[in-house]
Amino acid sequence: MFYHVKQLQYNAKPTRPDPVYAKKLQEVLGGQFGEISVMMQYMFQGWNCRAEGKYKDMLLDIATEEIAHVEMLATMIAQLLDGAPAHAQDEAAKDPVVEAVLGGMNPQHAIVGGLGAKPDDSTGYPWTARYIVSSGNLLADFRANLNAESQGRLQVCRLYEMTTDPGVRDMLSFLIARDTMHQNQWMAAIEELEAPQGAIVPSTFNQEAEKQEVSYSFMNFSEGEESKSGRWANGPTLDGQATFEYDAAPKPMGQIPILQPGPAYIHGTPPEELRIQRGTGKMEPPGQG
Amino acid sequence: MFYHVKQLQYNAKPTRPDPVYAKKLQEVLGGQFGEISVMMQYMFQGWNCRAEGKYKDMLLDIATEEIAHVEMLATMIAQLLDGAPAHAQDEAAKDPVVEAVLGGMNPQHAIVGGLGAKPDDSTGYPWTARYIVSSGNLLADFRANLNAESQGRLQVCRLYEMTTDPGVRDMLSFLIARDTMHQNQWMAAIEELEAPQGAIVPSTFNQEAEKQEVSYSFMNFSEGEESKSGRWANGPTLDGQATFEYDAAPKPMGQIPILQPGPAYIHGTPPEELRIQRGTGKMEPPGQG
Amino acid sequence: MFYHVKQLQYNAKPTRPDPVYAKKLQEVLGGQFGEISVMMQYMFQGWNCRAEGKYKDMLLDIATEEIAHVEMLATMIAQLLDGAPAHAQDEAAKDPVVEAVLGGMNPQHAIVGGLGAKPDDSTGYPWTARYIVSSGNLLADFRANLNAESQGRLQVCRLYEMTTDPGVRDMLSFLIARDTMHQNQWMAAIEELEAPQGAIVPSTFNQEAEKQEVSYSFMNFSEGEESKSGRWANGPTLDGQATFEYDAAPKPMGQIPILQPGPAYIHGTPPEELRIQRGTGKMEPPGQG
Amino acid sequence: MFYHVKQLQYNAKPTRPDPVYAKKLQEVLGGQFGEISVMMQYMFQGWNCRAEGKYKDMLLDIATEEIAHVEMLATMIAQLLDGAPAHAQDEAAKDPVVEAVLGGMNPQHAIVGGLGAKPDDSTGYPWTARYIVSSGNLLADFRANLNAESQGRLQVCRLYEMTTDPGVRDMLSFLIARDTMHQNQWMAAIEELEAPQGAIVPSTFNQEAEKQEVSYSFMNFSEGEESKSGRWANGPTLDGQATFEYDAAPKPMGQIPILQPGPAYIHGTPPEELRIQRGTGKMEPPGQG
Amino acid sequence: MFYHVKQLQYNAKPTRPDPVYAKKLQEVLGGQFGEISVMMQYMFQGWNCRAEGKYKDMLLDIATEEIAHVEMLATMIAQLLDGAPAHAQDEAAKDPVVEAVLGGMNPQHAIVGGLGAKPDDSTGYPWTARYIVSSGNLLADFRANLNAESQGRLQVCRLYEMTTDPGVRDMLSFLIARDTMHQNQWMAAIEELEAPQGAIVPSTFNQEAEKQEVSYSFMNFSEGEESKSGRWANGPTLDGQATFEYDAAPKPMGQIPILQPGPAYIHGTPPEELRIQRGTGKMEPPGQG
Amino acid sequence: MFYHVKQLQYNAKPTRPDPVYAKKLQEVLGGQFGEISVMMQYMFQGWNCRAEGKYKDMLLDIATEEIAHVEMLATMIAQLLDGAPAHAQDEAAKDPVVEAVLGGMNPQHAIVGGLGAKPDDSTGYPWTARYIVSSGNLLADFRANLNAESQGRLQVCRLYEMTTDPGVRDMLSFLIARDTMHQNQWMAAIEELEAPQGAIVPSTFNQEAEKQEVSYSFMNFSEGEESKSGRWANGPTLDGQATFEYDAAPKPMGQIPILQPGPAYIHGTPPEELRIQRGTGKMEPPGQG
């Protein structure tokens, strides 16, 4: 169960309205790697957690913090939209340059949201639950989390560069710092899980059942061998089980696929002989029952 | 540019049709972490790659291999759908138990696809480009790739357990082995990039500009302190810059947000005094121009 | 900012696993009117609220409660999935009737979620932010909220009828009771706002600027006049401004629309005379610059 | 069955083209509460109606009118797009300010639609059937309809303020008036249904089966008690069955959830002891059948 | 503007309920090529039509008929859902085979729709406006229409085979006949437009501006030359301008793409030399302004 | 299986960056009829092909070429984004007109993609697999393909007009030429299939089972008879089986639909008599088990 306090986790006070920047900032609120995504991802991982209690507790700690980040961003966006000259008779909006700049707004901020934040990304695309990951395997999921915090911090840093408003930058500097922590956190949690069980997910599948001839071979499907010089093609594999091989000219190992014709009631392409006999009354098509 | 050869990369030959399993197998073809996702993710990372050539080459090598995996899965699914008793007058379909089992099919496999594979997941939800990641920062993206291969191998292993068909298991054993390689590959590439630049993405943002007081602190937002015993709350941080702190009772640091009323032409909730004066003719509403 | 406590708001303890029912129960977790929808809807209305403080406070009270409802449902679903016979060699799964019943599962519960809840509805369709409403006009939004609680209680009542598990029914009886309260709550809040400002949203648009001839007329566009006998066609209008009229045979009042041909560089359908002159060399098509 | 007449229900004649406004106007054509939504919502409620005939007739009357509104908006948008300077060699488009203003167009209006209206909202997001509601319970659905007409009129009023074109304003004044009627209509229909059956949806669920201890209690989950002063926390409940209570400090009533580990074939996080034993050959993982 | 009459265009009377078939039949109501798609496609083509009047009139004729087809299907589905044993205590539902068969229902038909039709396809995926086509070029769009009627008739024929209910088959026989007409109609309209303007869309683009060396060459990108024996590689081209060529071994004609590094404020992958210098204090990262 | 070569199929070299045009060009990369759509459509048709080998070979030839077109467009877009003045302190970006022009960029190009192409359309909407068609009936699918190439060439021609950059125009002239070939190709393939089997899809459904009274009748549902003068209402039908009829005043042929009330456990609208008896204790609602 949850409780709310009125103060924000950190300040969200812009120096001046900026409705065009408000549209951009939506990315880290409702985009693929925005705060709604990490909030929901950590919540579902926590609620679904079947491992020992410290993982569930840790996941719900950070999930609960992320709701506060969503709250800060929504509050910031609503203030960036203050006083947007959206009225046709507004003096500012009559200036064609101002009008043109406002063309960069998300029109839904005025028409639909009444100058409020939306759970959407910077193109206006709505947040979707297909963004999140909760697989029941914590090592897999912590890798998803490390990725999310890496993409997220990258996007916030880019947004930091796109504004000079000190109030906005102050809030972003807080989010960037928390993402530094959260990248560290997931790396630490990954290290803790990999140590005993090994690095390959899932660790419980019997490797003898996999096609081991191709388990450690880099296959060069693109003309040229620049790809030969990377760590992924040289030295011991990262799971400690083998040495990387480089297959410079991989060959197909499978059949040439030939599918049998479908049954008549599917009405697929008629077989060639049936196409030619059409109209002779010899065929007995389905659909007469 | 690309060329095609007719042989599959590896065999895709089921022992017998199984339309219910065909529906399940769609997950690793067109789902969030299916082969279409990794194919498109690696392609776009390769085409957008602005780093030195070996990365672009390596990305397009693996991207090109993944098209072959999509091809194997599509071919397998089409064969699992052979002879599905979808006709109402089919003897098999008249048995209520068979009818019930067939209720577990994806109806679009017959109605829409004519017994062909679809670019959808196991619930019939279509593949969407919002699944993929290409950020222009390779360290961030290689973490996305490691996650994708972890989730992908996990799902294929689960599907392996859900069938006893030796032909299907043979094909899956190949995909599982390639995912073993691909997890190793991305771990190797990550190691190669982290060594010089450090582990935090992006490494080029000046850390002095972030709110460093909170860069290494685990915040306990959930009652109880089980989360204190993990690696994420003890010892040196993984970026080597600090020591993890544990904030047992994090406090809000921000303002209580109060938004100003919107302009009249937005027609938001009228201010309280205006709500009360309604009908007196004193207010001058917009919409008269 | 938010805090979490470990206990659930109310018990979520099924008597026995039931993976088919787990699929159905997803509707009120991640469907159009599920608990994620009301949680997010009330959160955004609260964060965007520009009216006096008691509304913001009330909205965040109920929003915070709704996170707890999401938590209860996710926990219930994970338990309903316990021990699902998803393994091909499981004895239970070899019985064709059991196999058929399991065909009614959501396959992603096993393959993707590892026996965990998903943020999706009962067909597996992901929750989308386009479900929610936050307009900046509280009277409009409270009507959205009353609708959401009406649809929500209706769905939970239907789900109550679809199970006999006393543990599941116990949890649902709690959610139904809260929906009773929440319907009452929004009706009360609507009454409080309508009293001073009137019932039509938005109240601040000058009604003289609307086409008042058609403001109170029911138009009968469907053959027959059964629709004449309802309250909506008789007596005073609900805003107290007029009397309902019934237009038994509404006539069009507008122009016959004729659009002008598009410019050449759009390459729309060529005008008829140009279609006929084709090949004579007389036309000067675009695309030569 | 349906018939069409060529005249529009009301005039749709802009004074001048305005492709940027055309983008905005798409919101009330193809957005969440646009005319396509109400057209489809009333159609499906009418076709699915199992109540007495006057409701089905009334629903199809208004549904049929709404098709005419879609027609008016599509016609208006096509004319607002007339002569858009989308050609690179167009004189107007060479002016950087004009170019900038045109950056506010929806590019699909030219590239995809050839200067025609699209069934999308103002961000270009396509209309989706998940917007509509048809539950089989008319009281629930009429609340959805009242909400739709409230949000819809609000959005049209905002769009009215965003233009000074008298032709556009004339058409919008008609739509605003019809929305006045339609809000009145649904309030009247709600009143008619609530009178005999009471205000809580569904009225047929036995209230003794709900957890009545919490059926009338406002729970204060957010610090501070501003929410205590509203109608929703004081006086008789709107269903006439009780008095509102205010629970200033709600306590959790449920269990602390602990999930059991998943079965081996799910390959979730291995139990702690199994993680540590890895590599000793003692464990018997699945995947060997 | 539109009018409705109460009779259906043709009978929609099933002989008995069949909720599993109701799920399947949704495909031709709300699927990619269902009746909602053609209704909306023809409507938007008609409303956006800038060609001479007979085309607009014809498009709105058929669009208006398609609303009646949607109505017939929705009515049929609602009746197929009559008496579905969705109640847990229903005798029929206690039989495990019946329970299993009902697992093939769309659960939303009961929980969300209250035994009503939904605007979704047979997997429960909602109809989306991205299905439709209205380009402003009638020849292009009539090809889209011919395709839609071809896919549509194919799907209805398949559904015809999947039932033995004479009432359902009677209705489908009507829809199949209308699709026969509509395929003929669009072929006729295409013939009428192609005759004067030629077969290539758009006909108004100056062909001298295209890269004519590759305008009539079939390129063999797949190993083997089976594709050489088709009409598409032999004889005059269908636009009457050339003869098909067969390029057995197509060669790349473009550059090897090398992208330049991004600017510093994008925080992409750091250039190799910068990665190595990290920590020396020599670099001047962005983010200091 | 597939191989990659480093050279592009044709040059993709813009003369100068143009981030606003980059947004527009996304339409033919990731839009409904962009290159991803045709690539995936031809791939799935090829993999699912159950007809003789030359069709499968031909489909995979063109599918493989389309991957190269996706590659060219992605490469072009990345270069058009070079040097976009997205930094707040960039001199160029401080000019309000430049700022306004940049408002026409897709913000995700900078924030999410790091100046890389995205698999989305020109509004930022992601590519979805619901765009593609693979029905198992080649005649149906070749019509889909002819439509796709017609819409595609139309869109590329429009984009050609919207730029004056000779490098961009050079690449587009190649794509336009290939679309000329591909329209010819699908027309040729259609001709080859129609000759033996006739023009109506599917040809194998017994036409005696369709409602032949309405198989060749144009129905005039829209007031006025302009639609009478087209080829679709005069002369022999295109399948050679009949003569077009014109039904100037089509009449409904079906029943007036009346649905029976739903069962109690669905909690639909209560029957009228039950609504009135409420509260008398006489009714026995469900929900007591």
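A few points about this structure:
Each chain gets a letter, A, B, C, D, E and F, in the order it is written, and its residues are counted from 1.
Keep in mind that, in the parts below, contacts are C-beta pairs under 8 Å (C-beta built on N, C-alpha and C of every residue); 3 or more make two chains touch, one makes a residue touch a chain.
This one's a predicted model, so the numbers in the text were calculated from it and none came from an experiment.
Counted by residue number, the contact pairs of B-C are over half the same as those of D-F, the matching pair from A-C, D-F or C-F.
For the pair chain C and chain F, the CA-based superposition corresponds to a rotation of 180 degrees in steps of 5.
Interface chain A/chain D: under half of the residue numbers present appear on both copies, so the contact uses mostly different residues.
Counting C-beta pairs in contact across E-F and across B-E shows that the higher total falls to E-F. Each chain gets a centre from the mean of its Cα atoms; for chain B and chain F, those two points are 24 Å apart. Each chain gets a centre from the mean of its Cα atoms; for chain A and chain E, those two points are 27 Å apart.
Shared interface positions of chain F, i.e. residues touching 2 or more other chains, are given as 1-9, 32, 47-48, 50, 53, 55, 57, 60-61, 64, 75, 78, 86-89, 97, 100-101, 103-104, 110, 112, 114-115, 120, 123-126, 128, 130, 135-137, 139, 154, 157-158, 160-161, 164, 202, 205, 209, 221-222, 224, 252, 254, 257, 259-260, 262, 265-268, 286-287, 289. Taken together, the touching pairs cover every possible pairing of the chains. Considering their complex, residues 1-6, 47-53, 55, 86-89, 96-97, 99-104, 106-108, 110-112, 114, 120, 123-126, 135-139, 193, 196-198, 202-206, 208-209 of chain D touch chain F. Taken together, the chain A residues at the contact with chain F in this complex read 20, 23-24, 27, 31-32, 97, 100-101, 103-104, 121-125, 154-155, 158-159, 161-164, 221-224, 252, 254, 257-262, 264, 266-272, 274-276, 278-279, 283, 285-288. Residues 5-13, 32, 53-58, 60-62, 64-65, 68, 72, 75, 78-79, 82-83, 86-89, 110, 114-115, 125, 128, 130-131, 133, 135, 137, 139-140, 143-144, 146-147, 150-151, 153-154, 157, 160, 169, 173-174, 176-178, 180-181, 183-189, 191-192, 199-202, 205, 207, 209-222, 224-227, 229-232, 235, 237-239, 244, 250, 252-257, 259-260, 262-263, 265-268, 286, 289 of chain D are the ones touching chain C in the complex. Chain F meets chain B in the complex at residues 1-9, 30, 36, 40, 43-44, 47-48, 50, 57, 60-61, 63-64, 67-68, 70-71, 74-75, 78, 112-120, 126-130, 132, 134-137. On chain F, the positions that touch chain C within their shared complex are 154, 157-158, 160-161, 164, 265-267, 286-287, 289.
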